[in-house]
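Okay, so here's the structure we're looking at.
The letters A, B and C name the chains in turn, as written, and every chain counts its residues from 1.
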């Protein structure tokens, strides 16, 4: 196991205030993600896991805490320096129906990261990369001129994945990537993610409420409840021997159903 | 400029949907006819718009003068088409200027959000509550009657509608996942505004412009009717209606034709605009 | 636990009621439903037949687009006439064909003997009326002779029955003040107000968190057993079946492809689709290393005619017959592998 974590979050806190109400979405969160070990983040709705993802991506600003990616504190970076980091830190969102600009073709969607970061490439070169990425994620390159609504949910998610891969990131944050997909398609996407990890040396922070899927995909696990991490560690250990009350409740609900 | 801004497949689809809308196509063909007629119809008659035939004053429609003559014996037919050119020009340029100002203002406000957005919208509210006639009169005093004055009068507050619509649209889209994804990709704020936010509002923009035109035409007609528009021997439909009104009892065709053309032009634009709205409306998409 | 206190004798205690009225049996025969979105023709339900016995919890399980929700709505004639049409079939409830009834006659059954609960509870509740009043309204609608006091006390009982924590307080609250789980409980209470014999639950827990899901299903199970109802449970989530239902019917592309008792279904799935699907779902109790099977391809386009078995393009065990003729339902499974002609393919299937 590599010595220092790829991603390290320390004491992260975020409170949202609206008029008189304030909600602490994330509180005192500490997480470590190591290079070769996928980290799963489970929690129910309202647990703060999506907020945590946005904080790591610097789409939201935390009130307190530090986020270290490859040893660098992201919160201290300027906008420009953060751009360089973004090439290595990407994201896939849940909703395949809102995650893609409905006016852009698949090709334009996947090409966008290249347009932002690789301006020196010619259009043909960029297009070549796009087609290659489409094949990599299992999409027919002939569909590159189609609009998002002409694809199925699973295919849109593949487009999202292709977009995330365009800049060869080291870490992809997957925020409930399969929750909105059919059961038989879920396994397709998970297998795809697994294969890409092996082929490209990627890693994932996999956020989900689907405990069984997280167990299947992730080496390490963190359980989130009301903004706090209540348990974390090796996923097999946690599943077979949960310590925290909430983790136990979660696992027992699922196994009761199964 | 990236093709994403005006994504062809998206437009192709919307246009296809538009073609299926019969009412909208009727509107479109009417407008095409009007445009073409405005250009070539005057060539079909030997009597142009400014020649007076004092012995033929106020003649009803005949073989020589298809729409009759006015109080100076001028050919109403030619004058109608001159009026068409003027009214369409005024309507379309006013709407176009409204669009430019409105989109920039509204997109900026919507994108920025927060207090600045609120202040900008309050400014719009205040501006909007100024009575238009007052503005027109002030302009009239400052600049005298004419086309420029009318266009200025129309655009001074006309852009507010567009600004509000765009701002609302942008507020709706701002929080969708694909905008977040673009931010996570490192897209600059400018890029997000142009490639993602405004492109998704293009449908609204086109529709709003199309629906602004009839209002502009009508307002122009109204202002011209009040005597604030183009001056003789030029004519717009409004001035013709104004001249035709006192003669309504005896020479009704002099009011009928300009009024008819104002109505039918507005009608056609409205049909087309509604059709465009349906064609672009994302709610119709799966 | 006697829940009914001091009410008119319209309400017998559950056990008495079981003796008095046999909980109804539902029999669906060859149901076909077609939808007409924007000029196209989509055959959403293509010849579905099944039955539900008294006191039974039956699930219809399938992925999105398989037609299960449309079929559930068709059972009680909830398909709007401009959207779709029930082309064929019978729905026999207590011997009466529901599909032959007029809308007025149908309303005697729908919402009364046959209760329904849906996925998005908050959207199904009126946002303008308090939760308690909604139950009262529902109750008085079906018991017009009851007094307000009777209706209110029954409403409170129902809120208690569905395990809402503070029934008195919740009575006066509006749906937006309640959590998703609580709204779902209210919807169940609403559905139970008229004492239904059959409850159709269309994805009632899909929008809820896992811990709440388990609670709601436990609640439904307990109520079903207590009142002797039957439940038709529509879901896409296989993992909910074993703790909850007696029998399950697997639906694919508008057809029922397999039917079995839940334990049998999991242990020995007979249809290639069921088997592949079960293999593609990770389970908590299985080791991590067992690979997830993937079903390649996509479900068929229901606006086009389908030749033969709908699963055939994605099936690894195709026989020559599969592409031409649709397999009939024999021995609770609709698959040509069980035809003696295709023994070898069958062996392949069972050994995989």
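Keep in mind that, in the parts below, a contact is a pair of C-beta atoms (placed from the backbone, for glycine too) under 8 Å apart; a residue touches a chain by one contact, two chains touch by 3 or more.
This one's a predicted model, so the numbers in the text were calculated from it and none came from an experiment.
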item	value
Shared interface partners, meaning chains that touch subunit A and subunit B	none
Chain whose mean Cα position lies farthest from subunit A	B
Geometric centre distance via CA averages, subunit B-subunit A, whole Å	47
Inter-centroid spacing, subunit C versus subunit B (mean Cα positions, whole Å)	54
Centroid spacing, where centroids are CA-atom means, of subunit A and subunit C in whole angstrom	34
Contact set on subunit C toward subunit A in their complex	63-65, 209-211, 213-214, 217, 236-240, 242-244, 276-277, 280-285, 288, 292-296, 298
Complex interface listing, subunit A residues touching subunit B	54, 57, 59, 82-83, 86-87, 90-91, 93-95, 98-105, 108, 112-113, 115-117, 145-147, 149, 160, 163
In the complex with subunit A, residue positions of subunit B that touch it	2-4, 7, 9-10, 13, 176-178, 180-188, 191, 195-196, 199-200, 202, 282, 285-286
Residue ranges of subunit A in contact with subunit C within the complex	44-45, 152, 154, 182-188, 190-191, 209, 211-213, 215-216, 236, 239, 249-251, 253-258
